[in-house]
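Two complexes, one shared chain (subunit A), two partners (subunit B, subunit C).
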Partner chain A sequence: MGAVFWKELADHLGSRRFFLLSLIILVVAGTSVYLGIQGFQQNPGAAQDFPYLRLFTTAPGALPSFLSFLAFFGPLLAVLLGFDAVNSEFTRGTVSRVLAQPIYRDAWINGKFLAGLATLGIVVVSIVLLIFGLGLFALGFPPDGPELARLGVFLVVALLYLGFWLALGILYSVLFRSTASSALAAVATWLFFTLFLYMIAGVVADQVVPVRADSPAEAWLRHENLRDFILRFSPVALFEEATLPILVPSYRGLSLLALLMQPGVPTNPLPLGQSLLVGWPQLVGLLALTSVCFAAAYLVFMRREIRTS
Partner chain B sequence: MIVEAKGLKKEYRGVRALDGLDLAIAEGEIYGLLGPNGSGKTTTILILLGLTEPTAGAVRVCGHDPVREPLAVKRLVGYMPEKVGFYEELSAVENLRYITRLNGIPEGEARRRIAEALEQVGLREVAHRPVATFSHGMRQRLGLADVLVKRPKLAILDEPTSGIDPEGAAQILDLIRRLRDEAGMTVLLSSHLLHQVQRVCDRVGILHRGRMVAEGRVAELTASGGYLARVGRASPRLRARLEAEDWALAVEEVGPGELALTLAEDGRPALLRFVAEEGGVVLELRPKQPTLEEIYLRYFRE
Partner chain C sequence: MGTDLKRRILGLLFLLVGVGVGALAERSFMFYTEYPTVVLSPDRELSLDVILRNTGVSSETIVLEVAGPAGWNARFETSSYPVMQIGAVHLLAEAEKPTTVRFKAKPPSGARTGTYTFTLTARTEDGKLSQSLPVRVVLQATPTPTDAEKETKLTLSVSYPSLENPAGKDFTYDITIRNEAPTERVVNLRGQVPFLWRAYFTPRWQTDTRITSIKVGANSVETVRFVVTPPVGVEQGEYPLVFVAQADGDTASLSLKAVVTGTYDLRLGTESEVTGQGDTRNIRATEGRERTFTLYLWNAGTAPLTHLTFFATKPAGWEVTFVPERIEELPPLSLALKPEKVTVKIKPAARAIPGDYQVSLVASATQDREQMDLRVTVAAGMGWGWVGVGVVVVVVAGLTGIFVRLGRR
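== the complex of A and B ==
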């Protein structure tokens, strides 16, 4: 499997596709963080608790935070690394040559998956390091222990999330014979989960629990809960819910509305373990989704005939 | 027997690709699997390699079962697919390097084997060029090098000469023969051109609709087709005399004063005598070698 891993990793890192997408992520992430730092300089009070974590979750003005940005664009990078992993080997006619060598088919797929994951890891880690660098430059002091621990956990969760999308891309590359179809399916899925599901959730919630500005608070809450429930089917929402408690230490898994309705809920930061518990179900959900994609890709590929004509 | 298959059957949703095929190849043999398009050559090869599973039947390759021990088989067998593909942006050497790594061959040894294999197939000068710049013939030869770096006990080559000019094909076949003679490699190659591969194959098997319709040495299969002759300056009298004989199976006028005839083997002396007596000339007299097509047809009639 090592041979497959190193070859695929070299392919990824040298590909134009990877270069362009990481460039986009880098530029936008850099900009939003840069603006965040400017916000600190105008309002030094905001830099009091967990300033480094804030760099990841808040952004001034209309720009999305780094977190939402990663939740939105990260999948595109991941899914594009995987969508032609297997079917392009069929169209190039390399698959029968490679699988006539003494390696198992699952080792081949695993090597491809791990190489993709390593590539994503390199991107995410270098962006986080870049943000650290910018922060150090602007704030003048390094992140403290709890912040580093939380960022470490965040990195692992982010990789798990991107790993899901990579596994989905690889699944499509096994299911579809042509790379054009698998690319289309991959981008469609991405759009569905990042955009359409949010719209659908809103529309359904409006239909089932109609609310107006003067509706009672309970109606609003039910409306919100229904919407959140539908969104739980999206890995994007799962990721955001799983990472918010990690990056926002005072977050307790309640919406702003719920907080308003239940005065007296403390807003002081939770310890890391407690924060993890808040996002635990979402984490397990993400892991399950990734495993399902992977298992499906295995099942389809293991017994497929390796014929290139 | 390095390859042994009994009663192989393969069905694709109602299409019967193999229909009870038996195959046995001895060590050190060059065996040609012949047959028209769609006769089941590639399917047989995929089953031998464990790249597809037979619907029924038993297979052993180098003493292992490709379905249950695919890795043991793949360690010993080199395979060149019919549409051989490479990583286009990598060079010839890099493509081969990937294969040696997948086989766990140590780097130093791998470098030596790759250089040697590229030398053998005549690709040394282009070793570091990306495969994207290779012609079809060069790719085909690189496919052969890909098999060679593995030093397999058995090489399975699916249409190694397809789409290659006659001279290139002859070179490839000579190389295959040399490898067998020098390295003791067993070779199974498929083709639909009997005349091209008959020179190198010790034995051939002819497939049709998933069945072995004939098997044996090339000479045995192509023998007993009678003789063909062409006669010039033939007078009408000569023609009449020839047509009266039993051994002249067919007489045909192909040009002014020129006859083409098919004759049985025992008619040769008489033909020469008749032609001399009537003032004609024998332009050509050769054994009639049946084409692959004729062999198929002959075996179907039986």
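== the complex of A and C ==
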């Protein structure tokens, strides 16, 4: 498995794809830090607590924050690495040759998955380190313990999220013989979860529990709950809900309840453990999705007839 | 019935009689003076009001004539302004108010003492009614002692003889001058004020006109305004002032008092405001690094400020200290001649985000309080900055290295 992992990793890192990815990373990290620091200088007193976390979550001007950038385009990067992992070997006819080597069959697919994950890990860690270094240069003081801890947790969650999309890409590459159809299917899934599910959730909630401005609180609650329920099928929504309490320490509630309770809720930051508890169900959901997705790819691949007929 | 008729006839008779009496009293007038006998000194002119009143039903033109000793230039004049000599007066019928004319006569030079009699005659134009009025003038060589006393008298009065003002404000006294002499006099005004004080006089309602004397009519009253300006930086206390009025060798003085209360005006300034160079109200600082700022303070008032303490409102995590922490007394700048210096040590929080912050320095004395807002531009410390640059360089170099090394395969 080690040989497969290193070979795949070298392939990923040496490819033009990786070079383009790195360029995008540099631009995104640079602009987000620059604009974030600019925003700080307008009103330095307001950004006093957790300035490093704010660098990741504030959205100055027209650009989205780094967090939403990752939630939206991160899947594309991950899918890009995974969609042709298996079926390209089939089309090139290299499968039987590789599997004729004395390795286990699962080592091959595991190695591919881990290599993709490692590539994504390098990318994400690079971005975070870059933002971190630029922030250090602009702010002049290092992040404190809680900030570092939260950034570490955020890295793990981000990797989990990207891992899901990688697993999805590999699953499609196992399911579809042609790389083009697996790429199209992966992009379609990505669009469905990032765009259409948000629309569908709103439409369905409106149809099932119609609300007006003067509707009773129960109706609103049911409406919001239904919408949230549908949305949580999307790993994008799960990721956003899971990372918000980690990167915004004062965040302590979800959806309608948080909105209603806002005046009565204190705004001091929570400790990391409590923040994790707030986003825990989403974290577990994310982990489950990734595992299920990879397990499906694994199972289908293991049962696949690989000899060319 | 018979008695009733009688009564009517009687009533008619009375009526006729009444009409007859009325017809008789149809034309009449009164001609008199309130003072038929007057005493006069030879050097003065006689001036006597004579009153005419028409009590009849028709208007009359009364011709006035006078007979008496020669050389007195006896004549009638109007009593109202402008003064004219007159020979006749027209009286309207049933006038409510009497007409007053003035009879004037001046004793000729060298007239002897004694009693002179003038006969004033008033007659209607047609001569049907005529009245005469004898006026006796007693000429006396020496005036009465009471007259002499009155002639030299000049009195001054003021409603508010003691005024209290903060330093820097003028003291204004309205002084009434009463000339009790029967002649109009020019009164010279003078003020005795403490050293370096200034004083001037104005008429009461014309405060932009400065005067040194005022004309006061016979037996009348004028009000002048006495304005006293204390010097700049006068100390608090009570100051005596004297107002002196002088006319014809006759002097009257009035003691006044000016009470100056102290003013308290604490001012703060930066080095550049006081010396023209150095720190302005916008200063630079580095996060976590202490810097000093010199605060100048002085007392622009006139009384000393006491128990000055300092404090600063600052962003969270900042340290601002003052050396010295308090000043017991701050004398006025006019006495101290140079502002006091306080060193302010400003230390931004170690984790202050670069940007502009506001620090307000407040100095409060028992009497006054002053605030100065400083804009502190915090710059990032470079110690960690280089570490940041190092991290960025390492990451970029690492990515490039990976790409170059693996891309060649």
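The rule is short, and it goes like this: the second predicted complex is superposed on the first by the 280 of 309 C-alpha atoms of A that agree within 3 Å, B and C clash if a C-alpha of one lies under 4 Å from a C-alpha of the other, contacts with A are read in each partner's own complex, and residues count from 1 in each chain.
What we mean here is this: contacts are C-beta pairs under 8 Å (C-beta built on N, C-alpha and C of every residue); 3 or more make two chains touch, one makes a residue touch a chain.
Just so we're clear, the structure is a prediction, and the values are computed from it rather than from any experiment.
For the composite obtained by superposing both complexes on subunit A, the positions of subunit B and subunit C are free of clash and fit together.
In the superposition on chain A, A:I306 contacts subunit B only, with no contact to subunit C. Of the two partner chains, neither subunit B nor subunit C is touched by A:S178. Once the two complexes are laid over each other on the shared chain, residue contacts for A:V4 go to subunit B alone; subunit C is not touched. Which of subunit B and subunit C touches more residues of subunit A: that partner is C. Contacts of A:L26 after superposition on the shared chain: subunit C is touched, whereas subunit B is not. Our angle of interest has its tip at the CA centre of subunit A and reaches the CA centres of subunit B and subunit C; in the overlay it is 160°, to the nearest 10. Using the contact criterion defined above for the overlaid structures, shared-chain residue A:Q41 touches subunit C, although it does not reach subunit B. Judged by the touch definition given at the top, the superposed model places A:R97 against subunit B, while subunit C stays out of reach.
Legend: residue contacts after superposition of the two complexes on their common chain; A:L129 is shown touching subunit C, with no touch to subunit B. Contacts of A:F137 after superposition on the shared chain: subunit C is touched, whereas subunit B is not.
Figure legend note: subunit B and subunit C, brought together by superposition on chain A, show a least Cα distance of 6 Å.
Common to the subunit B and subunit C contact sets on subunit A is no residue at all.
Contacts from subunit C toward subunit A in the complex involve residues 286-288, 315-317, 350-357, 378-385, 387-392, 394-396, 398-399, 402-403, 406-409. Every residue of subunit B that touches subunit A in the complex is listed here, in rising order: 42, 46, 49, 51-53, 70-71, 74-75, 77-88, 98-99, 101-104, 143, 146, 150.
For subunit A in complex with subunit C, the touching residues are 10, 13-15, 18-19, 22, 26, 37, 40-45, 47-48, 51, 122, 126, 129-130, 132-142, 144. Every residue of subunit A that touches subunit B in the complex is listed here, in rising order: 2-4, 6-7, 92-104, 303, 305-309.
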